[in-house]
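What follows are several structures.
You will see chain A twice below: alongside chain B first, and alongside chain C after that.
Up next is the complex of A and B:
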């Protein structure tokens, strides 16, 4: 039977403070009107009353910029590992994205020294979505508002308290001996199930993904792409705010004697991404770059990793300056 | 956890100017740590990431033969930031190297076959590695006839002239070096590579063709090979692409679901026919 506890909402700050004493805690905070995940010093900084963070919890494993190593003379040294961490209050779609990123950064023949190291010392505490947003379509791509994949401990908002479900051994260790948690009652569990079922009904955005990969197989030269990219500005926000995007650039900061090599996020929506030194560019216009983004997520990733590289979080839809809607793009493909 | 992004230090032992325009140089390097050099085992057609602190990295094909264990050579055209900085380096200075990366040429599959090498311009580098590998006394008997058709714009732009002279004197390699336009000192072939290829007309009987060069040269060489009877599965290409990580992770060098750095850079023409035309 699943290990289920409950905690009064008033005690969440205390729980976080207790965790902060033992490990680094990353939680949703409000910064310049943007909800993002950051390291907190006090439990009271955490915000759990948000739809979803604008910026991504994946930054905790794969930051927008990261020092790969510091060099001095002929010596180069990677930064040392630190202690245990908790990623607190993330949504199930984002938690599921970690499993997709694992398929890139933690495979039998490649363990990314930076990503895997952080992932291995991080406990993921998720929070179910009682009220999914109008742009959410997690249920169409294999997820759900109370999906447990990628989560060690799942919180469900029961109004005056949270149901706390321990999903994994790592989650059990995190909460072991914590005095702020009580046993969940039968009615807590029933209420949790009811809320989760209701939430699933509330995800009303549906996208047909059955057969999408096969449809894309024959669409490389389709005129569909000619029209699609016309209104796109190429800003790349759809990739920078995508929980499954993982492309990066590598560059040096510093001089010949001393400096650091840095890995930074990059985007397939930029012309520079593929520009050869010779001036040749295999993806010279928005047409090829938009096609690459869609093909990568819904065809190439399926072929290489067995799954669609989209968790239905809807960030690319909510944040696109020209209202490009991925759901419409996908239905457009299915209608070809 | 091993960290593949940490380069190994190597010393530039020798720099050779390869062409008249002096924008192509061969850098012969040796790893500072002998154990690292011993562990750096590669096959022809693979590449490595060259690093210059403060400038960055770039992927360069390995130009020396795997049989040369004392050093590794890279032939570099001055084009972007890293290659320009590298060209400004002097013998004795240090560079970073990580690799080898990529699949390389299927040399074991090619054993027992006649090999036809078709190369144009600066893209000759990894094919020069392959040629010298086949010509090595330990290997020569394992391959059939070796035909090399190599062209450049002008005599001064032919690289590896020292090798060309050496190969011209041997009877176990048929070398056809050609130039688009000759000069007063040039007594060799004049003509584009596909034209010379058509004249030489190498037999496709038990043969493998390896083609590297500018896209236009490849486009006109493929029909000639096709006419000679080379099936697409017996024509090998090595592709170039902008790369950063070199190990299939940074996401920019893909053609469809294949990463040129990891699944390539060597593909058969048959494989390329089944991939999107995005290169």
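Up next is the complex of A and C:
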């Protein structure tokens, strides 16, 4: 399948504009000093020169709030499906997160209609990370700065142009007949390989995950959790900026005659997350909630889906208001 | 003069050794450049972790209502103002806290610094003589500290804690800030459309993580109005009307209580101008009642009392 092209950087805007004519395009955009991952109307809005977006590409499949249906009288209506979509400029960690989310929302036993419908009409154009951030630890959790998993087309920044590697059939169809792309030369490919290898070396942040799940098996009542949560404020930053978090709540808004059902993100860091109707809360404090977040990602998900539910993007580390550092938490567990 | 970190360690050590407190809450070095992280010290042997510098941004008063321990707490001017309100509102017993006051010259605004560097990743930061020395992949930069402080610090008048049990370092006299409500006046002078546009833009960034609320020392309600489900008063979606109403009601609930520490803005991952509404409330309460929250343990908060000559021209 591997099919390599190249495109001058000056032509990327043209390529995006061409894609926008055919489908919805989402890309990293800068808004008030924050990099979002949002729908673009013009190719020139896309920013490919940032480490990673703050808002998550997964929102394209699993938005923070999503109307499931509206009803009036006895009539209910789900939002209509739209056409093809492209997520452009996804970092490999985020692309890998889609595969982990698939294990939750699209399994043989259960297909989440809202997620699957959007996922299936979406093509993922990734971009490798020449310069991973100091908080990136993708290589410790099964990924890498030029990892192709979950990606249909992978761009590599070669300085004045991008190497464009077509990885899947969907990616091939996306770029078919596009006149802005030229054939990649042998030297482009060599340069791409060199940059990818160098980038991997540049991921210096390492987390020991070998045996982590087994260690967590015996730690449910460990005093480790008592101290760990003390400084945690109990906000939802780490979960709402996490590419693999997928917990949600379902709300009914309105009355008997008309209203809507909305799915919104939920966070295990909130007391409300597990509050029972009786008033009992099985996770009454930060201790249990912090434990849940770690256990879910590094033990339960491993047991249920065979992989760690963390792609090493470092967002929770960079954005935590009190600088709770997941890497330190994990090394603390390994030292127990 | 001994450095402030050293003095904090000494006070903490003696408090713990003498059994005067069970716990000292202070700051330790964070894992990232320009970050300090809250730390909880329960034995004298651990006090070496404690530090003080211009990165100690979290308002530690936020941890006090949640604990029944006797706590020694490191407090900047703004943190101590929040503690005063917590005590006045009977959320924290005065005898349960030992305030280790630190005169503060302002806290570094990480986003301001990152923006000055064109968002290049900072790998190293050192503070030295009023300057921030920064280094990253292929660059070195020096920024003056005074140009890199949080907006809340620029209008902070009480840099020395108004109430304390120990004070490390020399008190900084109250600062006379010129035109402290300039940005509020500007917003007030705008038309409804402009205000709507401004606040719509700001609050549309909200991801409903509630970091603002959780970081706020005065958001201590056991059950926040936004979390109530029976009935569910307000929507919880990311629709603008839902996020806007949360922030407006939160600001109103802080009227006459907010000490403008700015910890909400610092905690917000999306960089929302959360202080705009709070500053407006502070200005109104000041103009109507001549009251500022957090300065005096004995003062009765204006919204908790009634006087016959209270301004009431809004009652038509």
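Here, the second predicted complex is superposed on the first by the 335 of 336 C-alpha atoms of A that agree within 3 Å, B and C clash if a C-alpha of one lies under 4 Å from a C-alpha of the other, contacts with A are read in each partner's own complex, and residues count from 1 in each chain.
The rule is simple: contacts are C-beta pairs under 8 Å (C-beta built on N, C-alpha and C of every residue); 3 or more make two chains touch, one makes a residue touch a chain.
Model, not experiment: these values are computed from the prediction.
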Practice problem: Identify whether chain B and chain C fit side by side or clash on chain A in the overlaid structures. | Solution: fit
Practice problem: Classify the contacts of A:112 with the two partner chains as first (chain B alone), second (chain C alone), both, or neither. | Solution: first
Exercise. Considering only the touch criterion stated at the top, classify A:257 as touching first (chain B), second (chain C), both, or neither.
Key: first
Quiz item: Between the C-alpha centres of chain B and chain C, what angle is opened at the C-alpha centre of chain A, expressed to the nearest 10°?
Solution: 90
Exercise. Pick one for A:197: touches chain B only (first), chain C only (second), both, or neither.
Key: neither
Quiz item: In the superposed arrangement, does A:304 touch chain B (first), chain C (second), both or neither?
Solution: first
Quiz item: Can A:246 be said to touch chain B (first), chain C (second), both, or neither?
Solution: first
Quiz item: Now for A:68: first (chain B), second (chain C), both, or neither, which partner does it touch?
Solution: first
Quiz prompt | Contacts of A:206 with chain B and chain C, given as first, second, both or neither | solution = neither
Practice problem: Give one of first, second, both or neither to describe whether A:235 is in contact with chain B, with chain C, with both, or with none. | Solution: second
Quiz item: On the overlay, how many Å separate the closest CA atoms of chain B and chain C?
Solution: 5
Exercise. Share the list of chain A residues that count as touching for chain B in one structure and for chain C in the other.
Key: 249, 251
Self-check item: In the complex, chain C residues that touch chain A
Solution: 30-32, 35-40, 58, 62-63, 111, 115, 119, 121, 123, 137, 201, 205, 207-211, 213-215, 227, 229, 232, 235-239, 266-267, 269-271
Self-check item: chain C-touching residues of chain A, taken from the complex the two chains share
Solution: 31-34, 50-51, 54-55, 63-65, 131, 133-135, 227, 230-231, 233-237, 240-241, 249, 251, 253, 262, 264-265, 267, 270-272, 317-319, 321-325, 327-328
Self-check item: chain B-facing residues of chain A, complex
Solution: 68-69, 71, 74, 76, 78, 104-105, 110-113, 116-117, 220, 246-252, 254-257, 259, 261, 263, 266, 268, 273-278, 282-283, 288, 292, 295-296, 299-300, 303-304
Self-check item: In the complex, chain B residues that touch chain A
Solution: 1-7, 9, 32, 52-58, 79-80, 83, 94, 96, 240-242, 244-245, 247-257, 276, 278-279
